[in-house]
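Common to both upcoming complexes is chain A, partnered first by chain B, then by chain C.
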Partner chain A sequence: MIPSQRGVEGPRDLDHGTVPPDGRPMAEQPKWRRDFPIDWAQDEYVSRRELTKFIVLTSAALVVGQFWIVLKSALARRPAPLVGEPIASVDELSIGGAKTFTYPEGSTPRLLVRTGATAFVAYDQQCTHLLCPVVPAVELGRLHCPCHNGWFDLETGRPLAGPPQRALPRVLLHVRDGSVYATGVEASAT
Partner chain B sequence: MPVPDALEFFIDPGRCIGCQACIQACTECDTHKGQSMIQLDYVDRAHSTQTVPVVCLHCDSPTCAEVCPADAIKRTEDGIVQTARKARCIACNNCVLACPFGVPKMQTKMNLMMKCDMCYDRTSVGLKPWCASVCPSQALAFGTREEMARLRPHAKPVNTFQFGMQTIRTKVNIMVPRDAPTEIVDVTAAIHEPTIGHEILDDVFMEIPDGGDA
Partner chain C sequence: MTRRRLRMVRAQRMPIVNAMLAFVVLIVILQLWLLTATMNAYLGGDTTTVVPAALASLVCLGLNSGLLWYLFGLD
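Now for the complex of A and B:
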């Protein structure tokens, strides 16, 4: 390349910004050069533009998200009230015995434990930590999750030890005429 | 506030007496934490006391900024190439190695490249840079082109250099004899010479065999 002799003595052309080494105009330069301008003003402009874009898009996403949540809860169908269902007969379980059942039909497995002559308790079988099935430890008055050594109170379903922080959802029971009926499910409480 | 267009910087190595006043003045400035941003290079220390002051020449297409992987070196609208932006500089030394004139300096303790910004705080309000204001022989001069032509009838400013295949135009002018034929100074001509007045002690070009086209 023969260096241009122009401008060796004359004053500099102060109207243009930084010229890329190959001398071609900025529009013909690769994208990285346009994205990382050497000129201070352009660099500031890119930073400001990026920040503005980020703020606008993030705020818009938050607004849309809020409306989405409102719309979803407004349109969600409310579940029909549960009807009582027989899940076991009293004689089926000895004291301290347990069985799994589903209530309502198609639910996750629930655990029914007979704790006394007419005393039954039932909980969701999924541990509230990472959904491992809990097993009854009736002699200790607890439910045990073997995955991470979590313990729940058999009487209330509240977590006693280990990683679980929330109580097991409790199934409401009603004993009548030698049968155990499930009548509802209480949501898990902390 | 930009540096006024009419005022330009002129380096006249032939006038330099090596008094180091520019270095002292630059060091005392608070905007770069007591570091001198000007270098006084000996041309051939063994045989001559001749010195050459080197400030940043503020290229139109600054090689230091071109090679900066962190996008830290920026040029303001008036053509001043600023010190690396502190938040971005990764102290990689690319600019130090790439600059044809050996201007950027790596302040290892601060992990920041610092270079001459032509006393931006002063020149942007019409004052002379510190070095030009203290130079007793005016080897470093700051003024208008007309003023320079009137005061130095035997010299003319040159601001185009050759660095390998790259032609460099600079904001700062170097004064050369007026009668000498106009020739573009090839900065790479001395690339295999031992470095002088330079903070990098290892000669990075030693590995290149002689005659290799760098």
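Now for the complex of A and C:
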């Protein structure tokens, strides 16, 4: 029997049971109060403490998620190094000209742009927003995605305006003996 | 001189529970943002932030556990 049910009242009673508002002993209280002699304040105290415990469990779940990403990252298969492939001849494109190609074979379309006498840049042609094809605007020094008016810097591939948040993946190039070779692909950076 | 430890009743401890709950919720929101940002960076090919973000999230869990420990220690 809890102290308040014996009619003993004091500070401890507030933690262990209800203190009837009319001050009469518990035996004279209605049945519903005798069946569940817990005050609202105590009920709220315990339920909020349990809620806090549940949220801390959520916090643990989020840590598990973080380490799952670490595990995925550590176990990710490293792609085999790419070999250089000729993708165009220097004379094939005038300054400001562009052509699409695939590298390596079977990849998504890439875009090669000639920006100077011996200067070329190449990027993935798919916009990093919603994969629309980007088109070069060489006179502005930019690449344009017409779907949602996204703009990328032609020299770096970084997003300048519009919805895209990530840079276009860049294809590494090497010009030799009148030909342009693709030698690798850099991952998209923010 | 003897020092007597004052024991608060639950109704008096309620503001402490509410404050702890608010701190824990804030930290969990921070962790949720951290997970979202890390996933976004990882899927974008940036793996440099993966380990520091996981450690930061672990520190947040440590803080939350400490606050919960304190809360249960009140009883």
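For the reader, a short list of remarks on this structure follows.
Basically, the second predicted complex is superposed on the first by the 112 of 190 C-alpha atoms of A that agree within 3 Å, B and C clash if a C-alpha of one lies under 4 Å from a C-alpha of the other, contacts with A are read in each partner's own complex, and residues count from 1 in each chain.
Operating definition for what follows: a residue touches a chain if its C-beta (ideal position, glycine included) is under 8 Å from a C-beta of that chain, and two chains touch if they have at least 3 such contacts.
All values derive from a computational prediction rather than experimental measurement.
By the document's definition of touching, both partners, chain B and chain C, reach A:A41.
Of the two partners, chain B and chain C, it is C that touches more residues of chain A. Looking at the shared chain after the overlay, A:A187 reaches chain C, while chain B stays out of its contact range. Of the two partner chains, chain B is the only one that A:P20 touches; chain C does not reach it.
The interface of chain A with chain B overlaps its interface with chain C at residues 11, 14, 41. Contact residues on chain A toward chain C in their complex (touch as defined above): 11, 14-15, 41-42, 44-45, 48-49, 51-53, 55-56, 58-60, 62-63, 65-67, 69-70, 72-73, 76, 166, 169, 187-190. Those residues of chain A that touch chain B in the shared complex are 1, 3-5, 7-9, 11-12, 14, 17-21, 36, 38-41, 43. Across the complex, chain B meets chain A through its residues 5, 60-63, 65-66, 71, 73-79, 82, 145, 156-160, 162, 165-167, 169, 171, 182, 184. Residues of chain C that touch chain A in their complex: 7, 9-11, 13-14, 17-18, 20-21, 24-25, 27-28, 31-32, 34-35, 38-39, 41-42, 44-47, 50-51, 53-54, 57-58, 60-61, 64-65, 67-68, 71-72.
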